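In this document, chain identifiers A, B, C, D, E and F correspond to the written order of the chains, with residue numbering beginning at 1 in each.
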Amino acid sequence: MQTHQAKRVEIIIEAVMERRLTEVLVEAGVTGFTVLPVSGGSGRSGQWTREGQVGRSGMVAVVCLIRPDRLEGLLQAVFRVVNRHIGVVSVTDCEVLRAERF
Amino acid sequence: MTDILTLAGQNLISPIILSFALGLLAAMARSDLSVPEAIAKGMSIYLLFAIGFKGGASLAEHGVDARLVFALIAGVLLSAAIPFVAFAMLRVMTGLSTLDAAAVAAHYGSISIVTFVAATSVLTSQGIAYEGYMVAVAAAMEAPAILSALWLISRQGAGRGMDAGLWREILLNGSIVLLLGAFVIGAATGQEGLAEIDAFITAPFKGVLCLFLLDMGLVAGRGLRSARGVLTPGVLGFGVLMPVVGSLMGMAAALALGLSPGGAAILMVLSASASYIAVPAAMRVALPEANPSIYLTLALGVTFPFNLTLGIPIYLALATAVTGG
Amino acid sequence: MTDILTLAGQNLISPIILSFALGLLAAMARSDLSVPEAIAKGMSIYLLFAIGFKGGASLAEHGVDARLVFALIAGVLLSAAIPFVAFAMLRVMTGLSTLDAAAVAAHYGSISIVTFVAATSVLTSQGIAYEGYMVAVAAAMEAPAILSALWLISRQGAGRGMDAGLWREILLNGSIVLLLGAFVIGAATGQEGLAEIDAFITAPFKGVLCLFLLDMGLVAGRGLRSARGVLTPGVLGFGVLMPVVGSLMGMAAALALGLSPGGAAILMVLSASASYIAVPAAMRVALPEANPSIYLTLALGVTFPFNLTLGIPIYLALATAVTGG
Amino acid sequence: MTDILTLAGQNLISPIILSFALGLLAAMARSDLSVPEAIAKGMSIYLLFAIGFKGGASLAEHGVDARLVFALIAGVLLSAAIPFVAFAMLRVMTGLSTLDAAAVAAHYGSISIVTFVAATSVLTSQGIAYEGYMVAVAAAMEAPAILSALWLISRQGAGRGMDAGLWREILLNGSIVLLLGAFVIGAATGQEGLAEIDAFITAPFKGVLCLFLLDMGLVAGRGLRSARGVLTPGVLGFGVLMPVVGSLMGMAAALALGLSPGGAAILMVLSASASYIAVPAAMRVALPEANPSIYLTLALGVTFPFNLTLGIPIYLALATAVTGG
Amino acid sequence: MQTHQAKRVEIIIEAVMERRLTEVLVEAGVTGFTVLPVSGGSGRSGQWTREGQVGRSGMVAVVCLIRPDRLEGLLQAVFRVVNRHIGVVSVTDCEVLRAERF
Amino acid sequence: MQTHQAKRVEIIIEAVMERRLTEVLVEAGVTGFTVLPVSGGSGRSGQWTREGQVGRSGMVAVVCLIRPDRLEGLLQAVFRVVNRHIGVVSVTDCEVLRAERF
């Protein structure tokens, strides 16, 4: 099958920042993203779990497939949101089907 | 004094408190007992809806009181003023940074709805009435404290400041909207509406509260276990002293408003309680550099259990004494 | 006429409707109030189980009626016929493509179980009886409309057509299985079984319905907010006119069957209501090219609130008038 | 004998059993009916809390019985002894490996709390009393069987052996902690506490049990569908014979303890039942090489339905006969 | 540790299509896959969230680790299911432990 | 934006082993990880779903971003836990923002 080069950006960020992050993604011209729930984790600010939590606590994972030439713009936009907040951003090379979608 | 102790003693062996203790112990002992997030959220929706609706229905029965408006204003002022007192106490009693102190202060100006619910259930079992609109006062007290804390910080040139999005998030926060919405529905449908859904919102209420407190005990215990480091004696002392100071501010307001003994006790409880849902979320957005384990541990691990066990009986006894109830 | 208005007025300030309105407003105002998915699903399981069981127990009490079979057949025919009428109306009133029109039509032939539940709760509070087997009729009306819509499309050479998997998914859809299963359990265990679990399925029923409608309001509001574009005046008009047309078809069937006033009102409500759970899922599989935001917004954002507020009182008044109840 | 059959017959058409059957059939027919994980967990928390609390409150009413301690010891011994019998039977009746046999044996020494709950609800509807502390006995029987099974394996030089973490996980397992915790709360707050939350833990209890059994039927049906291969006639036979053997061991202990007919029936049910929550998790950690589909299918797909339908009436009839109740 | 080259295929697809997709994966000889819940997202067909939904709405993420030589067959099989439906497919190079499992 | 080479390790493991795995990660000097819920899957030991389950059944996905030089130690630590248990481990090259966090 014909595949196309793309980048897979995975942003693990506090749930309270989700809306701000996705707004920035849309502004940066990202055509799509997917949000996955996160049930727990650990980092410099300690270990946490979502069990029994009532508020909008914890993190979410936002996955975003984009054309390589859009990466720089996306990262800059993301950085503005993530900068002062806890969370991690990783970028992986990937191939996608149906490139017209990205 | 004996009264307070008797009441506190009775209070301590109620299913509600013991459920909280069970959760706390289970989490401390690292049991894997846990309540799914969705169930915890579902129970909190139930409690907010039920308490809001019952408040509204009681308002519909007793008619709108001129004091409603004054009580709302008093609530807003209390919520805005308490953070300044809390901030000053934190600077004196603890070594917390300005940022952390301001973040903690915001929590104590705002309110804990479960503490409120627990207090109403003590009042109900003692047959003490309270003004139905106290639910609306509770809602009014959620947000102002956040602004005071942000102002405290911005004075120091730090903090992010408010954007429009944050404003909306704070004011249209799910728990405020649900509490006030249910209050309005209760007021609009009155005793007739209450009769329709009474079997849902009244009969099982206390049982649901037990399971909810079990969950809160679990969450608090997990927090205490992982945040032992932040609880210096000064911080711990603040967590016990501040609710008492807050309750006295609430008492002054209650006297000025001429509330009933039950209403005065509720306003004291609201002033004494510290938020652990709405304010932490707002702080993560507005003051991300403040350390969440300090404010969460204080609000949920120290002040909440203090209010639940000793605070409520004390505030109730004081309220009864000063209002001559 | 005055009767309808009075009833509609009463209906409008019931806790059920106001809870829906609260959800709708909260979502429109972009509050972050939300009901966890698991809780929403849990409530829908509760409602289906309770309504099915009570229908079955009522059947056990009143005995099987020869009309049961005829009512089931009528339900299947109504569900199969309504999509043709809806399709024709859509082609005239709106600019929707054949595909989108067929997909929308399927939803109106099928039924909304919450609308059904809301109608039964209005009947119950008015003390109007209805045939217990209407629950089975509701289940029978879920699927046939899907076939009509697929047939409408296949005539045009489009659509995927049915595979065995899709057949099973539609007929053994969770909500059909639960509704019918609970109906059979209720019929088998009768009043004795009902007595055992009455405190669970009857007393808190209306309260749960309130919270469920709060959630539906939230979902509908979110949908309306993001799908404003698709709601042309023609489409909107269809969403209000079609339920009335459907209810009239249901009324004709009810008269032919000789149903009681309550039963006639229920059959009208079923015919008027539009599915937003089973049919959307089937359409995503069978007609993925049809735009889901059109049918979801119409069914949940327009027709459901219309039926809930104005529709049910109108259908009930009509049913009472024509059956001479 | 006729009695057993009548009781079994009555038992079979109870809403509880039929709900389980509905779930089983729906899953076998590959319906997509499903209960969200969070709701299933929420219901199990409710059931454990309610049954524990009621047991404790009943203890508080009737006073602590010297037999409580003996009953606890008997429970521990039964739980530790049954795996040896089960292991021997498995080696004779089936071709399972030592590892799989030991893992299965652990499940039968431990208990199924839902089987216990179902038995208490049969007793309650028949007006038969039982010792409130049987709840504590149930908790005491959860863990010892695991040790017996691990010992059986370590004798063969296999298995991982226990580490401190596993010890804690088994003993502070969520369901044990909740059951015992609620028992203690019930005992501490007594009839007064029960009165406060009765409307929550007693009235809706049976209804919640129905929905929980619906879910268990779904899970069991899914398991049976995907694990048909492992159910050889020998394994199947074991799944039906072993509970009867276990119940007889329980009966002997009950006679020695001088329990009431109701208490004897409960101890038989506990001995007959097989764990499908705590023990599977422990086995995955300690004996990961054992095949989970064997023990899960046996415990949940064979023994649980057997006990629910035929077992409980048989054990109750036997208990009544031998204790002369 | 000894690792082995493999491909990580991530398919984000409508929840209603999950069963059809996994059936096709099994037919294509895939020895294993993992399904992760998705809580929301955005794409050409708009933004969505799973909150409060009663039906089988929304998307799921199916992750599939396979030997590189099986990729082509897998993609073709997947494409047949995804083709008419919304959803995205990405492929990443990866290394796995315990190659005998794939 | 300046990015830094890193490895993304994804461990899909039985939920009952989650605590043991994360303890080992911490011992191996991992500074952070994120746990994602898994709703179902299929492998040599059959197909499973989390629906309606009461116990701690099913799997979880643990994602761990680390500096490349820490990979070997991490894999060895992970292998000790995963060895006797079902589950899969994959490693992908990636780039991360804010390298000081890893």
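Here, a residue touches a chain if its C-beta (ideal position, glycine included) is under 8 Å from a C-beta of that chain, and two chains touch if they have at least 3 such contacts.
Computed from a predicted structure; not experimentally measured.
Listing every chain that touches chain C and chain F alike gives D, E. Counting C-beta pairs in contact, the pair that comes out ahead of the other among C-E and A-F is A-F.
When chain A is fitted to chain E on its Cα atoms, the angle of the rotation, on a 0 to 180 scale and to the nearest 5, is 120 degrees. For the pair chain E and chain F, the distance between C-alpha centroids works out to 18 Å. Taking each chain's centre as the mean of its C-alpha atoms, chain B lies 41 Å from chain D.
Between the Cα centres of chain D and chain F there is a gap of 34 Å.
Within chain A, the positions touching two or more other chains are listed as 36-37, 47, 56, 92-93. Counting only residues that touch two or more partner chains, chain B has 32, 34-39, 41-42, 203-204.
Contact between chains, per the stated criterion, is found for A-B, A-E, A-F, B-C, B-D, C-D, C-E, D-F, E-F. Residues 10, 12, 36-44, 47, 59, 61, 72, 75-76, 78-79, 82, 88-93 of chain F are the ones touching chain E in the complex.
Across the complex, chain B is touched by residues 36-39, 41-42, 45-46, 49, 53, 168-169, 172-175, 177-178, 181-182, 184-185, 188-189, 193, 196-197, 199-201, 203-204 of chain D. Per the touch definition, chain A reaches chain E in the complex via residues 1, 3, 6, 8, 22, 26, 31-37, 60, 63, 65, 92-98, 101.
By the touch rule above, chain C contacts chain E in their complex via residues 34-37, 40-41, 44, 160, 165, 215-216, 218-219, 222, 226-227, 276-278, 280-281, 284-285, 288-289, 291-293. Those residues of chain F lying in contact with chain D across their complex are 14, 16-17, 19-20, 45-47, 49-57, 84-86.
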